[in-house]
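Letters A, B, C, D, E and F name the chains as they come in the text, with residue numbers starting at 1 for each one.
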């Protein structure tokens, strides 16, 4: 089984606060991990450190496979562009994606008929769904998702869980945070509260 | 009175009114414009100081006068739309802006063309010219604001607020530009206006001014009618109207 | 008529280019302002009528489709 | 009710000032721009002191107008984006009052500061000393007008993408009288005449603005929230 | 029982879409209402219409008591101000609140020790909690809350539910939206999907 | 790799431009804005054509400077606030390239547009005809420099609450040479001399900027993301 992410004795300091210490984690292909912890326990900070966005104040060693997708609290979408245009640029990293692929992804997240709607005119949940459509376009093996279920309705959550499972079955791995208990077969949980400093 | 306003505010009634009015106005306005232009261009005698270049006056002054009046029409429509929330007033306001801007543009261009033989420069910073340029900017502002909104109902309200603020300001702007000019007045520019105009020039000018008012009404009505077609394309009354 | 010839009317003692260009520009601009919404209106009206006819044709056809 | 409203006004203004002081850049940057642009003119015109002194009122005023406009475009932006505006619109006090507080604090941080440092510019441009108090007074009144008109434009464009240039399009024509009154006052003072009437005109314009702008801006903000 | 909110035959049109029609609702003092509906069904639009923020495209009649608190998707907080400063201004509507009250509210939402921290340096959930602290400071009788549970952890959600119940027991009323099923005694549910046009 | 990078560059620029082109107003509005601003100068300085002609190079350049700098201060603001920057930083292509694309599109929509309409200003300000090509060329090169340096400042200050001042104070002096070279080129042309050396200096400055700015700005953005 290929290993996609390894945390050795990772700790994190923000400002003057030591958030947590001694986190050990190995994520192999096919695994689905939920990161839990109370508000302010450091989940977002940890995910950003793994992605390589913020390494200041991080102790220990993080080894992460380079083929990685990160979706943070912020959607990274432009409210002046349409759904299609947002994805055309967003998911690609410079490689042109055929429009049919984008429309397919938008259909998967339940946005048929909104392809050419400007993002700013969608509801909160619909906007989050556009961001999630990246998951149907991504070729990365490790997904790091910060609260992907936010603002998503019940049907949407089920659909998203399906997609996470599918990715794991296809040899990828997912680390996501969520405050809701998630009932998915084979889910592993890392509770940051246990490592609180 | 109220019944009349109410009727005016109803899109189906107005659509019918505009269609009829356009059919009648179109030939009348075009006829008057051609008549006035031919009179002014070919039959009126030349000005004793400016020679033939003054013939531009027959389009320059009417466009300037109507453009200025147009702003007040637009602001009134804005007031009606804000206070009584009559939808047709929104449509009217939206229709006036491009027409007014076009007329202002015409006044500026014809003035500039007139300036070259008269003052030897395409452009001088004379008080009236500057005021006209500012009026052009005021129109452009309203158009740009309208285009910037996605929600056209909100756009109309925003433009109404803007044009009302503009109306409060127009007299102040005009006065201040006058003062500005009289403070500086460089020797190299002499404005020839303000002379008594001969009847042989006045009559074609009056004809053209009337024609331009008619043209303004015509353009606004055509724009409003088209706007109604676009807005209510799904609705039953429009279909029966066209059917 | 003030001018003696067509040529005199065109040149206007040296001011012809200015006067005529001013009139031409004016009438071009105003004609555009008139024709553009008129054409758009005609296109819209045609589209609305076409849609109406399509729907009128569809309704009985749909009824017939369910008949057998 | 009256003292209550006043208290509310002060309270709101305090909030803005505190927020702005957390970002000193927002105050200092326009000043530095101003300084730089004023420096540029001698560079561009050649340093003949007489020419400069002649043009100084115009230069200072045009630059003041531009920097004021470009700054006030963001007046309600962050309040709109973080939802503060919704709360203000629902507050028990009239929205126009909150707008007034916002304008007042913006003016304190931009216009008043600019007026206070303007003697430096006057010296750089070789303006005669007797004109300096008039320059300061005209800038004080004039920037208030500019902030008031700018607020109307900012309110109408706050919800729009890329409102920046649009705002200037809406507002520049309205600010022409301010510019004319301001430069005229300073010119008269430079030439040794009495600038009183121009300053009075600026004052009158400020009063008109103080009445019109909060109401128009509040209406604009409500429209922006609807869109 | 006093009536705090009444919707008669309310419909809503956004752009060219009719979102819903014929919504009837009466909210009396003491009632706790959850507004549900799939993403884009119009919950946010309805709440904003009730609050009086957006009435364009609203059909029917809405009668709402004036003593009302609205908390939308956007927090209405300044990330450059501290928690205390944010609340000092935010909850007041012009009436000065004693600092002790603010500190008490911050303690209730679990932010002891963060009173003087700048909001931008808090985690997503902590920022939402600062917004929720308004509920401990508010004197309004009708609360309109759009997805108040977003980004709040398990403990925080329990605490929030308690506060909503307490408000209802004290003679207030709450209308909130949430995609998570909420298990609270006496909860009433309005499903917007049933009114979809 | 090379063609791939180029493709990416074009792709990114296309994204920005499409966002802008979605509304024709985004192209037209800056034009009108520049026109309005140029109008302000005669109102401030008086309508004498000779004086205006003398000042024209300075006036046009001040407009270019003010609008470019005050706009480019926000260059990365929205990308930062909506999370786009995070995604760019994690993209397989170098961040500097995305930055370059962003600068290029900003320049196309402000600087190039300004240069293209500058003949109108020259006409309105009574500038002699032979200076117009030089004016256009100097504005093209100069606004590119301004955008490049502005981007460095914008990148370093994008996430900051405090301290933004210091950094912009550091960046602003870098733009002074641009102004001097630009106005000098136009003045020489107006006086009938050869402006070639000034234009060459502007070109050299642009080249330096093109190499330095994307790298420096990318580094600045990564630092801003850490904070």
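Please note the rule applied: contacts are C-beta pairs under 8 Å (C-beta built on N, C-alpha and C of every residue); 3 or more make two chains touch, one makes a residue touch a chain.
Remember, predicted model here, so these are calculated numbers, not experimental data.
Connectivity note: excluding chain B, the chains that remain group by touching as A, D, E, F | C. Counting steps between touching chains, the shortest path from chain D to chain F takes 1. When you average the Cα atoms of each chain and compare centres, the chain farthest from chain F turns out to be E. Two chain pairs are in question, A-F and B-C; the one with more C-beta pairs in contact is B-C. For the pair chain B and chain E, the distance between C-alpha centroids works out to 49 Å. Mean C-alpha position of chain C lies 54 Å from that of chain E. In this assembly, the C-alpha centroid of chain D lies 37 Å from the C-alpha centroid of chain E.
The mean-CA centres of chain A and chain B are about 57 angstrom from one another, to the nearest whole unit. The set of chain D residues touching two or more other chains comprises 22-23, 81, 161-162, 166, 169, 172-173, 176, 180, 226. Residue positions of chain A touching 2 or more other chains, listed in rising order: 73, 79-80, 120-121. Residue numbers of chain B whose C-beta contacts span two or more other chains: 134, 137, 140, 144, 148, 150-151, 154, 177, 180, 183. By the touch rule above, chain D contacts chain F in their complex via residues 22-25, 28-29, 32-33, 36-37, 39-41, 43-45, 55, 57-59, 61-63, 65-67, 70-71, 81, 161-162, 164-166, 168-169, 172-173, 176, 179-180, 183. Against chain D, in their complex, chain E makes its touches with residues 51-56, 68, 70, 72-81, 85, 89-90, 92-94, 96, 118. Remark: chain D residues 4, 7-8, 11-12, 15, 18-19, 22-23, 78, 81-84, 86-87, 89-93, 225-226 touch chain E in the complex. Taken together, the chain B residues at the contact with chain F in this complex read 121-126, 130, 133-134, 137, 140, 144, 147-148, 177, 180-181, 183-184, 186, 188-189.
Partner chain B is touched in their complex by these residues of chain E: 15, 56-57.
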